[in-house]
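Quick heads-up: structures coming right below.
Both complexes below contain subunit A, partnered by subunit B and then by subunit C.
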Partner chain A sequence: MQSLSLNRSLREYRRLASDWTLLLGLVVVVVFLAVAIVWPLLKILGVGFSADALALYRKYFSSPVYLRIMWNTVELGLVVGAVGTLLGFLFAYVQVRLDVPLKKFMNLMALLPIISPPFAVATAAIVLFGRGGLITYQLFGIRNNLYGFRGLVLVLSLSLFTVAYLNLKGMMEALDPALDEAATNLGANKWAVFRTVTLPMLIPGIAGSFLLLFVEAIADLANPLVLGGDFTVLASRVYIAISGEYDTLAGAVLSLILLVPSLTVYLVQRYWVSRKSFISVTGKPSGRHQSIRNPLVRWGLFAVVMLISLLILMLYGTVVVGAFTKLFGINFDFTLANFEFVIMGLGSQAMGDTSAMSAISTPIAGLLGMVIAWLVVRKSFAGRAVLDFVAMLGIAVPGTVLGIGYLLAFNAPLKIGNNVLLPALAGGTALAGGWIAIILAYVVRSVPAGLRAGVASLQQIDPAIEEASISLGADSSVTFRKITLPLIRPAFFTGLVYSFARAMTSLSAVIFLATPEAKIMTAQILNEVDAGRFGNAFAYCVILIGLVLAVIGLLYVVVGTSNGVERDLGRAR
Partner chain B sequence: MRGYVKVFVFLVVIMATVLSGCKTQPTEQAKPAVGGKLTVLCTPQEDWCVALTQKFQADTGIETNYVRLSSGESVARLRAGKDNPEFDVWFGGPADGYMVAKNEGLLEPYVSPNAAVIPDALKDKDGYWTGIYVGALGFCSNKKVLDSLGLPVPTSWQDLLDPKYKGQIAMAHPATSGTAFTAFWTVVTLNNYDIDAAFTYYKSLHNNILQYTKTGSAPGPMAGRGEIATAIIFSHDCVKYQEEGMTDLVISFPKEGTGYEIGGVGIVKGAKNPDAAKLWIDYVLTAKTQELAATVKSFQLPTNPDAKVPEKSVKLADVKLVDYNFTKSAEAKKGITERFDAEIAPAPKE
Partner chain C sequence: MSEQTETGALRLENVTKIFGQGSSQVRAVDDVSLTIQSGEFVTLLGPSGCGKTTTLRLIAGFEFPTSGRLLLDEKDIANVPPNLRPMAMVFQSYALFPHLNVFENVAYGLRLRKMPEAEIKEAVNIVLHMMNLVGLERRNPNQLSGGQQQRVALARAMVMKPKLLLFDEPLSNLDAKLRTQMRMEIRRLQQRMGITSVYVTHDQMEAMSLSDRVVVMNRGKIEQVGTPEEIYQRPATMFVADFIGRANFVETDVLALDGRLAIVDVYGQKVQLACSPEIRVGQKAYAMIRPEAINLSSRTSNYMAEVKTAVYLGNSVEYEVEIEQNLLKVVDYDPTPGMMFREGSFVSMTFDPERSYLLPK
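And now, the complex of A and B:
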């Protein structure tokens, strides 16, 4: 039996090998994943399970302070997961099921956080709702303490809920209205339909969103650093260990501890939640959803979502106004000094470096995502599932952990004997000024989005089309280029847009990799926010948002069709 | 298909632009051109780093780049890059950090001809670092917030322990910030070098701390915006924020005595551009360069006796200073920051 299956997999590989472009694609993907994901993670495991490390675990797990920090981390993840998913659900429900005005505006507000740098919301929240906040104090005279758990939940939920929104919106749109109609015809009222039909169908989406938000929230290092107060989490401890002491051992150990909940949650999501799926989409759902008529529900939900939309508008409005203001909250005189400082100072190098590294990583991530999706969906070979799993680690592993892994793996050249196998890729004296490690990190973080979008759209395309191409004499590469790629073009586009936005706005994974030759905008923004120069931070944010929008616009023009982008983005996450 | 040609062209153009951009950097670095390039590790306020590196580049033609890191972070980075340093020269930040770096063999001695005018007390006897500015630590408080809490302007370290200050004080984390370490060592000095007594003090103070920031000066704007009542920062940073429009801020000093910093400058051991680094040190020790600081509202006292002292600067003669021993503080620094990070910073508040 075993020899039979061995024989079969050998045959599969022989078939793969006979098609050299296919083989090349596979080799490139495997080498990439090995260098950019597996090797750094192995390095963390190596350091994290060394003899010195064991003493640290003992210390951490016996210290009430550290146990508290671990609990804080999990608590933050759970609450942000719940609040963010609820926000996403409300926005999606209003968008899909309610007939109310201003839906376009609400949609836009829900999408805004995806292109915004990590601190925009936190900084704006401090100047609006903090102890000296424009609204809380100067308008209402309340000294509202934003530092700590409450502030973090507010800021993280508002920054991350887009994921849940896109996910759930896509799912609600795909639900067949016939099911609702059937329930209604059987005499169920709207509430019963919602409770017994709609909600159960959305459970996988809700659980999936919750879990993704959980991982993102516990991986965030930046917001707890500037807004944590006395609420300490693991990710910010990792940052202090590295930046304050360059203690890579403590960094690796804390990273491993952080990795446990993230990976658990990822595995649960992948192998349990996805199996609970009730949905089988066979083409476009027929008919239209009936809008909810009950005025109380309709206008109640509208009011809630509208209020949150206005809050988001206000926060981002503050970023823009603040960028042109001398001292927001104290002196509202118009000024261009913030932009002057950012552009004349070292901001311009950071902008150039970050945009360039993002631009390089974007096509690589887009193509890799599509190739892996194609290999996973269309080709059969042993290890296919492993390939998919490893590629998805880019999103399941918290950015902070990946960053530490890169530091350990790439800061020194990899040598066997006296031969340099791989020169140093990270750090100030690395090859190409440390650009390569950062680009790799960007790619790794972006591939999963393109991959999921690619898998989703390939599964809807009949393989017969590709088989016809092969029958007519085209090889794999021609088929992929001429048949597959055009068919999954919207997914490819989604992958590109998402990659670029994600690279430009990411911080945790690359903050330890910045060098004098490779300056990162988000790290500069962290400096400005931490040092309290909010005007400069706002100016940076405005420029960053502008750059991302400009490139997305350019991609729209060149790659074309916005069709299905939002939907695919939803699936991608 | 035509769409794909377009995509391809688009991507190629992007890659080409980008590659041409990044190619110039490594190749120039490879050229051992004398005075071609300089990478500065810069610890003072960012705008000073910008002004100084740009002026230096304009005056010398040396392409000057910098990274801003706080004092503790700087030593950590230098330690990490010990075998293959990415920086040529370290500028600014308290001398304690320079002493630590010197003891760990991270600095290269250099006695600049321009250092002759600098008083002996303000430079390392072996030439590993030279003082470029001096400034005293102080309390930077928001008068309005103090009033609303019913508190007078603090004039003693003990004042800050008043429970009314709960969540109303901020300082930086001593592991990353030299400012915060100066504050810690000041309390050590006031307790006759009893480090445990200083820990007892900071454990009580911890209950009143809102947040430990990364950068030493960061609590200043928090006070300026009314987020907190009092920031423990260098007084010259507080003057800077006042000048920048945070008009509710008031400066005060502890009557028991306060610490001070000697901002240093030193060459990184194994620097790739040692000649440019030496030139940088010569340059920053001149009276003219030191006067540049005030133009970007950095009001530290210049170490060069010929440099004009800015009117706004806090004069040391007006402040009671502790006898700050930089050699002792450097020896104890690592132990203290690690202990602070383990015992105080992450601890819950009572």
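And now, the complex of A and C:
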């Protein structure tokens, strides 16, 4: 029997190999994942478990300062997870269950953070609600200290709740209205229906959203850097270790400490909570839900969600106004100097470099995502679960951790004996000025979104459709091109849009990889914010948002249809 | 079409398909051997999980046999990839390409053959005409009714002029009336084109009405191969007897044997029944009695049975009667108006030995 099953997996691979397109795709994917994810992570593990490192662990876990930092990180994750999920729930409930005006506007406000650069909300919050803030100080005369825990919770919740919103909205739409009707029919009033049917059915979605937000919140670097103040978290401590103290070992050790909760929670979410779901999100609304009529509930929820929407609008409005203003809050004179700085002046190289690197990484990430999805869903070979898992690590691993992995793996050439196997890809002596490492990082961070969208989309498509094509004489590559790709085009589009937006706005994974020849816009924004030149930072943000929107528009024209993009984005995480 | 009657003979030799590894192995198809003549319409019939669909997918090439040989016109095709096999399949879900219109769906396979545009047009139009789909060429699949989608799927397979047509429960998504109509249409087309066809279904009516021969499968194995009459009247096993139509089984002793006729004792009466070749004298056996072979009457006799349930169905009445602690199903297809037996009444029972069969225990 043993030899029979061995024989069988050998035959499986032979059959895969007999289809050269398939084999080529598999080889490209495996090599890419090995170089861009596995190798850097192995490097960081190697350093993190060296003898020197072990002494550091002892030091960190016995120092009140470092224990404080670890607790800060977890506390931030928990609170942002809870607040963000609550926000997402409220927005989703209003969208799906309430018959109120301005729902489109609220939907837009909830989606805005997807294309928003880091710092935009944080900087706007500082100038509006900070110590000298337009609203807190100039309107109400309060010297509000926004720096620290409270400010971080506010800004992170508003920036991250989109994930929870899309997740829960999809689930609420998929809930069968017949269940509500059945409960009503058995004598439950609206509140009882909500408490005993709707809420329990949504528990897996709520738990999943909470866990995802936890992971994103503890991995976030941008906001703790500008808003943290005395409140240090692991991600910002790692940044200080690398950029300020040039201590790679400490950076590696701290990032491994950060990796443990991130990866654990991510795995729990992905392999446990998401399996508990009662609802399969098919994308097809399964009927019309009765809207809630109770005016207190209806207008109460409307008011809350509307207020938050207006707050978001105000924050982004501040970004736009601030970009055209000499000094927001003090001197409101109109100026184009900020844009001049970004477009023509010192800032223009970062804009050009980042856009070019993002533009290169986008099609690569989009196509890789679709190919991996197709391999994982449609082809049977030993190790495809591993393939899926490794590809998803790109998002499960915090950006700072990945960045340090890249530093360790690519700063020096990879040699065997005296032969250079792989030249240095990052750092001062890097090949192509360090572009390759940054593009690799962009791709790694973006592939998971396209992959999830692709998997979800393929699972909706009857495999018989592809079999029909094969039975009519088409081979794998013709079938993928003529049948599969056109059918998963919305997912492909999602992957592309998401890749570009993600690359343009990413900071943590690439901030250590920037070189004088490869400047990163988000890192420049950080410099401007640090120096208090908010006008320049706002101008950067506006241009970044403008570029992302323009590229989405362009992709829409080229790839067509945006059907289901929103839905796919919800699944993308 | 005459050349097609010469080809398309298919032979399965000891085909086995095992899914899974180690202890979770499943023998989906277990040592199946079968010969299908060219031009023949053969149905694979059985309950879900019996291996019929896997057998069809092995023939199509979507699965590869763990062991055994697959011969088309005496050439081994076990290692030919599915896209190079001269077969066309009609899928349960129709599997129409949702992004292509009716014409392009049907033309898809011909375009892959790089056929000249004019010939494609002609071939597609002929098939669309034959399938009653003229005027729907520019529609998308989602704008068609279920029956129309089914006909497009059939047209897309037919236009390829395959040596072998494969059907995977193609009618199971249609309503009962349309199903009957499509059944007749498929049979008519197949007879006209003379294409060898393998059809998978779990619906015995479909199998009986379509096929030249029926292959009854259970747990990956073939239980019986035969014409519709053979499998109904002379089932090889109790499974076949029970799966095809309904049957009562009465345990009995074999008293004597005369060729393929056996003398048995059923409820105290000695009768002569046709029997399976495995029957031996002195053994226990089961008399298979179809519900419609039993006759109830109000006369008194030695076989008195109590009517337990009586269900009036318009063109028939169905009873359950108890005799010697056994419940028997009885169908009266020609009930005299007003003459239904009441529940609780006692009736005398006779059965027609001609329409019964003796199976080994």
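Assume the second predicted complex is superposed on the first by the 562 of 573 C-alpha atoms of A that agree within 3 Å, B and C clash if a C-alpha of one lies under 4 Å from a C-alpha of the other, contacts with A are read in each partner's own complex, and residues count from 1 in each chain.
In this text, contacts are C-beta pairs under 8 Å (C-beta built on N, C-alpha and C of every residue); 3 or more make two chains touch, one makes a residue touch a chain.
On a predicted model such as this, the values are computed, not experimentally measured, just so you know.
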Overlay on subunit A: subunit C relative to subunit B, clash or fit: fit
First, second, both or neither for A:469, with subunit B first and subunit C second: second
When both partners are placed on the shared chain, which of subunit B and subunit C touches more of subunit A: B
Which of subunit B and subunit C A:311 touches, first, second, both or neither: neither
First (subunit B), second (subunit C), both or neither touched by A:433: first
First, second, both or neither for A:486, with subunit B first and subunit C second: both
Vertex subunit A, arms to subunit B and subunit C (CA centres, degrees, nearest 10): 160
Contacts of A:478 with subunit B and subunit C, given as first, second, both or neither: second
Lowest inter-chain C-alpha distance for subunit C and subunit B in the superposed arrangement, angstrom: 10
Footprint overlap on subunit A, comparing subunit B with subunit C: 486
Complex interface listing, subunit A residues touching subunit B: 65-66, 68-69, 126-127, 130-132, 137, 143, 145, 147, 225-226, 228-230, 232, 237, 240, 242-246, 326-327, 329-331, 341, 344-346, 349, 352, 356-357, 359-360, 362-363, 411, 424, 427-429, 431-433, 435, 481-482, 485-486, 489, 514-517, 519, 527-528, 530-534, 554, 558-560
Subunit A contact footprint on subunit C (complex, rising order): 18, 21-22, 60, 62, 64, 66, 81-85, 87-89, 91-93, 95-99, 108-109, 112-113, 156, 160, 166
Touching residues (chain side subunit A, partner subunit C) in the complex: 1, 4-5, 8, 11, 15, 18-19, 462, 464-465, 467-475, 478, 483, 486-487
Partner subunit A, residues of subunit B touching it in the complex: 1, 3-4, 6-7, 10-11, 14-15, 17-19, 21-22, 25-26, 29, 39, 45-47, 50, 65-69, 72-73, 76-77, 79-81, 84-87, 145, 148, 167, 173, 175-176, 209-211, 213-215, 217-218, 220-222, 224-228, 244-247, 337-338, 341-342, 345-349
